[in-house]
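Following are the structures in question.
Next, two complexes with chain A in common: one pairs it with chain B, the other with chain C.
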Partner chain A sequence: MTVQIERPPSGTADVRKGDGAGPGGPGPRTASRAGALAPYLLLLPACVATVLLLGWPLLKDFLLSFQNLNMTQLIQHVTEWNGIDNYKEALTSEDFWRVTLRSILFTAVNVALIMVLGTLVGLLLARLGRRMRVTLMIGLVLAWAMPVIAATTVYQWLFAQRFGVVNWVLDRLGWHAMADYSWTSSQMSTFFVIVVLIVWQSIPFVAINLYAATTTIPAELYEAAALDGAGAWRSFTTVTLPFLRPFLYATTFLEIIWVFKAFVQVFAINGGGPDRLTEILPVYAYVEGVGNQHYGMGAAIAVLTILILLGLTAHYLRIVLKQEEDEL
Partner chain B sequence: MKRKLIAAIGIAGMMVSIAACGGDNGDGGGKAKDGYAGQTLTVWVMDGSSPDKWQKDVAAAFEAKTKAKVKFEIQQWNGIQQKLTTALSEENPPDVFEIGNTQTPAYAKTGGLADLADLKASIGADWTESLNKSAVYEGKQYAAPWYFANRVVLYNKKIWAEAGIKDVPRTRDEFYDALKRIGEKTDAEPIYLPGQNWYHFVGLVIGEGGELVRKEGDKYVSNLDDPKVAAAMETYKKFQALSKAPKDKDEATPQQGEVFAKGKVGAIIGMGWEAGIAVKANPKLEKDIGYFTIPGATADKPEGVFLGGSNLAVAAGSKKQELAKEFLKIALSDEFEGRLAEENGVIPNKESLQSHLKGNPAAEAAAPAAAGGGTTPLIPEWAAVENEPNPIKAYMTAVLNGKSPAEAAKQVEGEFNKRLAQKQ
Partner chain C sequence: MKRSLFGRLWPNVTAVVLFAGFVFPVYWMFATAFKPTGDIIAEDPVWFPVDITFEHFRTATGVDHFWTYVRNSLTVTVLAVAFSLVIALAGSFALARMRFRGRRGFVVGFMLAQMAPWEVMIIAIYMIVRDASMLNSLVPLTLFYTMMILPFTLLTLRGFVAAVPRELEEAAMVDGCSRVQAFRRVILPLLAPGLMATSLFGFITAWNEFALVLVLNKEAEAKTLPLWLSGFQTQFGDDWGATMAASSLFALPVLLLFVFLQRRAVSGLTAGAVKG
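Our next item is the complex of A and B:
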């Protein structure tokens, strides 16, 4: 691991040098003040956008969650505060906990599949020759660039009961029972379609990310490992994996967030059906809040969803933050 | 020279601002000298409920009378309640909108609908009493009855002839046998009946003399465990077994009219105007479409039907109340109400206009069943039941997938009762 010493001086060193010259130096004060303000000015647009587009709705949602807001109240613009009633009702209902458990399992299955398959595709990219790599890359980027609703619609067609390609192919291959199979008729088959869709949509991100990570591994390390007698598996675990670890953490972290709030795919494929058996937390919040027109209740479930997501990702968040500290 | 130019510009500027003031007056909703010129009334109508030509002619008559324009916006039934609630809460709601009769009491209760007492007094004296019932909530007139309709059997004459069936069936058993024969003699699908055509199911329940809800104390609860409801569901199941349509979809996904248009389906159970959807998709089919009353258990009494209908309401938040009422006076006038009955084959809001149905085969097929028709309970609590995922649809799919009606009733009871008891 001595190689790390050879890393070129990072950008932070330059910045520090500049900072050091600031207060002690004889340079004009105005210039240095403008220089000190510059980072904040540069941050401003992003902060304003975040506050307007995320902070404000979040605050509104939080306020709504303490209100009894149904059709009547919404149409007449009356505000009826009802304290923590919505939370009490949500947290004491069996449905909420069942949906929460389902959401966690759903996220776990999806993220595990995405990470394993995505990593394999990423490593494949690193090994492929130039032409094949570009071809695969284009395929991945196209899958990644496809708008979510468009992809979901295509999957609906693929898995349609009477005219879907999947049933037709299965039938042609000799599995005739599948000729008129209704994929949306049971909980597991609906989940199967959704999982295939979500994994397919997410693999490109993980694969390209990890491929990028592998390009930062110096080739000398593999030579050194080979000289020490390491086989393919050994050099993977001792050289590749340590380099990829921060990337794996970061992408897992992002994938958990994305899958957990995968509202569009789940809702568009079957509306959370059959019999509300494929509702995950965001869909549950929508059906209770907007569908049943209990907007206050929906807001409370949304707040709880955010808290649960924070709880799930807290561990990863800490690791990622810690790693960034280590890097510095 | 320069001064003159400045003066000219000044005068021109003043004229423009005066003109602008005039424009403002027109937009502000007050009645200016030349009527309501410059204003536009937004009207929401449901997909298929009024023909394009009817809309165009109403708009022309409206413009001739008031100088204002009208913009029709077509809405879909699925998800309409959420859309309507949001729209009514906004600054600029649709001024006039079509609203289903079973949904009207709930919206009347929310205060989103304007009181139309004066309209009822001026044009509604002879609205049919039973049809007006859903528009009245706690003694006040919150909407105007527009049209009513019940389902019929639309059939493909060519396929029926191919199967060698000469007479239209008069009883449920004859109907079943005819469909079976089509299945055996032709390569067509005898009937396209998706598992969640719940309006037809409600009709069957009405035919059995059953009720979907019952009152327990002062609240309504599910009555799906009633043997009469179970009997209706068994009938539905028997006919659904003849169809390859999905058991977990309703008649709008995909539009059954479009499936029927392909010419490979013997019959569908639908509204008369759904023939229009089919003809639009496949004009060649027009001469092959026939209609007959849904046959009941015996030849002397047609099947029970759901009396679907729509009211026209004015948004309480609309800033063009007067103009909206002007529109209703034209749209609901004997001329246009009569034409709607004629063109769409729907039951008009006055008995005196029913002569317009003569010669419309769909309407003539629908009429005999209307007397034995009914609606879902006209209570404000009902609207919540129709929100997706509708527990009655879930009940139907459960039975069609092999559960006994009693088990299925038990399965959806919790959700059904929750919706009936939900806070308003």
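Our next item is the complex of A and C:
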């Protein structure tokens, strides 16, 4: 995943920019027909792969969403078109809207926590001495590198009903009701575990990159602010924050994309349970489609999910596209 | 500007607390894996593994088909990374160095492809793979993993190619190299950090992938390690020692790669700020 920022922390993008500006010294050879075709030939494998392995599934998903495709049709290999029935059913069902609302709230809570805490940790990194900074970085990198599925298993163990460390600590702190608490037995406590897991895994990305971005702020800006009599808080709001704004903006949208489709964490912690109460849209599409074998219905939910995701990130996508046009 | 003792102290104290918070789950995974069962199910947690045992690792690797899973995971991951590197290298060179109609369109297209919601597309992929009678095979997995990695690899390498001074390439061509030779002898060696960064993140993506293999490959012969790990708890119930040993084994290659390569890799990636 690439964050598009207006001021990238390292120089590669600047080079890229300069590269697009002029022909960079026209080649000594005249552009033969073969030379004109070369870029397309070089891009051909990538394009073929994208069309076949990404474009086709997307199209297929769209087509499936207009079909009545359950176990029977699946086994007999028949195609039954049913128009917009799947969409009608999904959009009029209370479940779909409840899950949608839940997904959006889930995303909002996670992204807000990730961005606020990640920013604070990033600013802390900038303030620490070298040795302390490297230590904290190592901790962050370990959490960042932890494979999602392994992290999920570890969190199940940390929050285990019996012998789980979290319950032990809460008990010791005087909250004795938590001694044998089953975290996966209620909706909110399951979500709590999932949110802690996702936030723990996502903070390092925001913090480390934010720290990298702060190192590119020219020191003169702070000196100038100090000369003008700005205190710590004022120089933060007038220098640091404006400088980091594009970065924060881009990261927020990337986190929205990642959290919104956080299938693995939710699914592996408790399968969307208890009682399907922690299903978010991708899990809902999976349970309806693959689990309950209403493949057409699942596909329709998938299409709607993609549309909602596009809606949530449309603003960011527009900026990326526009920026790319300016850059090339 | 002189800071008070408190002003100097609190960042360090906070850093220590944060460090503990971020490291603890990772530490606890390894610690539990090495502790004898009696210490794992103790009323009060045993914070440091005193009597180290390898029994849990034996349990975890003693599962039927374990080595098949390892082989499958490695095959799929290595092939996907290799394929996407080759395909992306060609494309990134065109995007970074050549001028042609539609270049902007290609870049934007790959950017959108990078955001593809794979988790939501599994039903369609399942139908496609089933219709091709390729369920329980490593071939579709390899292909789709290649595609998951490809856009990121391509766009990142494009940045690295663009950063190689054009003069170097031209000098080689003046010295009589063809464009292909100039690429192989001049650009390719300079791309090493970029290749490393992209293969690291490609490796992590493919190694960790769970949703697709969950749907496509139900037979033991075709499963990969993430399924082994998630199925472990169901199979072994509350044998946390074995479960944590399994998690440790699964996480170790990624943690090692990441910690060793991250300095070099991340310095290149901060330009494109990447998340694994």
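The rule is short, and it goes like this: the second predicted complex is superposed on the first by the 263 of 328 C-alpha atoms of A that agree within 3 Å, B and C clash if a C-alpha of one lies under 4 Å from a C-alpha of the other, contacts with A are read in each partner's own complex, and residues count from 1 in each chain.
Note that contacts are C-beta pairs under 8 Å (C-beta built on N, C-alpha and C of every residue); 3 or more make two chains touch, one makes a residue touch a chain.
Since this is a predicted model, take the numbers as computed values, not measurements.
Student: In the superposed arrangement, does A:Ala36 touch chain B (first), chain C (second), both or neither?
Tutor: Only chain C; A:Ala36 stays clear of chain B.
Student: Of the two partners chain B and chain C, indicate the one touching more residues belonging to chain A.
Tutor: C
Student: Is A:Pro274 touching anything from chain B or chain C once the two structures are fitted on A? First, second, both or neither.
Tutor: A:Pro274: touches chain B, not chain C.
Student: Give one of first, second, both or neither to describe whether A:Ala285 is in contact with chain B, with chain C, with both, or with none.
Tutor: A:Ala285 contacts chain C only, not chain B.
Student: For A:Pro57, select first, second, both or neither according to whether it touches chain B, chain C, the two together, or no partner.
Tutor: After superposing on A, A:Pro57 lies in contact with chain C but is clear of chain B.
Student: By the touch definition at the top of the document, which applies to A:Arg130: first (chain B), second (chain C), both, or neither?
Tutor: Neither: A:Arg130 stays clear of chain B and chain C.
Student: Can A:Ser185 be said to touch chain B (first), chain C (second), both, or neither?
Tutor: The first partner, chain B, only.
Student: Counting only touches as set out at the top, which of chain B and chain C does A:Thr72 meet: first, second, both, neither?
Tutor: Only chain B; A:Thr72 stays clear of chain C.
Student: Considering only the contact definition stated at the top, list the common interface residues of chain A for chain B and chain C.
Tutor: Shared contact residues on chain A (touching chain B in one complex, chain C in the other): 162, 290.
Student: Okay, in this complex, where on chain A does chain B touch?
Tutor: Contact set of chain A toward chain B: 68, 70-72, 74-77, 161-162, 180, 182, 184-185, 271-276, 287, 290-294.
Student: Tell me, which parts of chain C touch chain A in their complex?
Tutor: Within the complex, chain C contacts chain A at residues 11-12, 14-16, 18-23, 25-26, 28-29, 32, 40-42, 44-45, 86-88, 90-91, 93-100, 103-104, 106-117, 119-128, 143-144, 146-147, 150-152, 154-156, 158-160, 162-163, 166, 170, 204, 207-208, 210-211, 215, 226, 229-230, 232-233, 238, 240, 243-244, 246-248, 250-251, 254-255, 257-259, 262, 266-268, 270-276.
Student: Would you tell me which residues of chain A are touching chain C in their complex?
Tutor: Interface residues on the chain A side: 1-3, 5, 8-13, 15-16, 19, 23-25, 36, 38-40, 42-43, 45-47, 49-50, 53-54, 56-58, 60-61, 64, 69, 121, 124, 127-129, 132-133, 135-136, 138-158, 160, 162-163, 165, 168, 200, 202-205, 208-209, 212, 250-251, 254, 257-258, 261, 263-264, 267-268, 281-282, 285-286, 289-290, 295, 298-299, 302, 305-306, 309, 313, 317, 320-321, 324-325, 328.
Student: Sort out for me which residues of chain B touch chain A in the complex.
Tutor: Touching chain A from chain B are residues 81-82, 85-86, 88-89, 106-107, 109-112, 244, 246-248, 316-317, 384, 387-389, 394, 397-398, 401, 411-412, 415, 419, 422-424.
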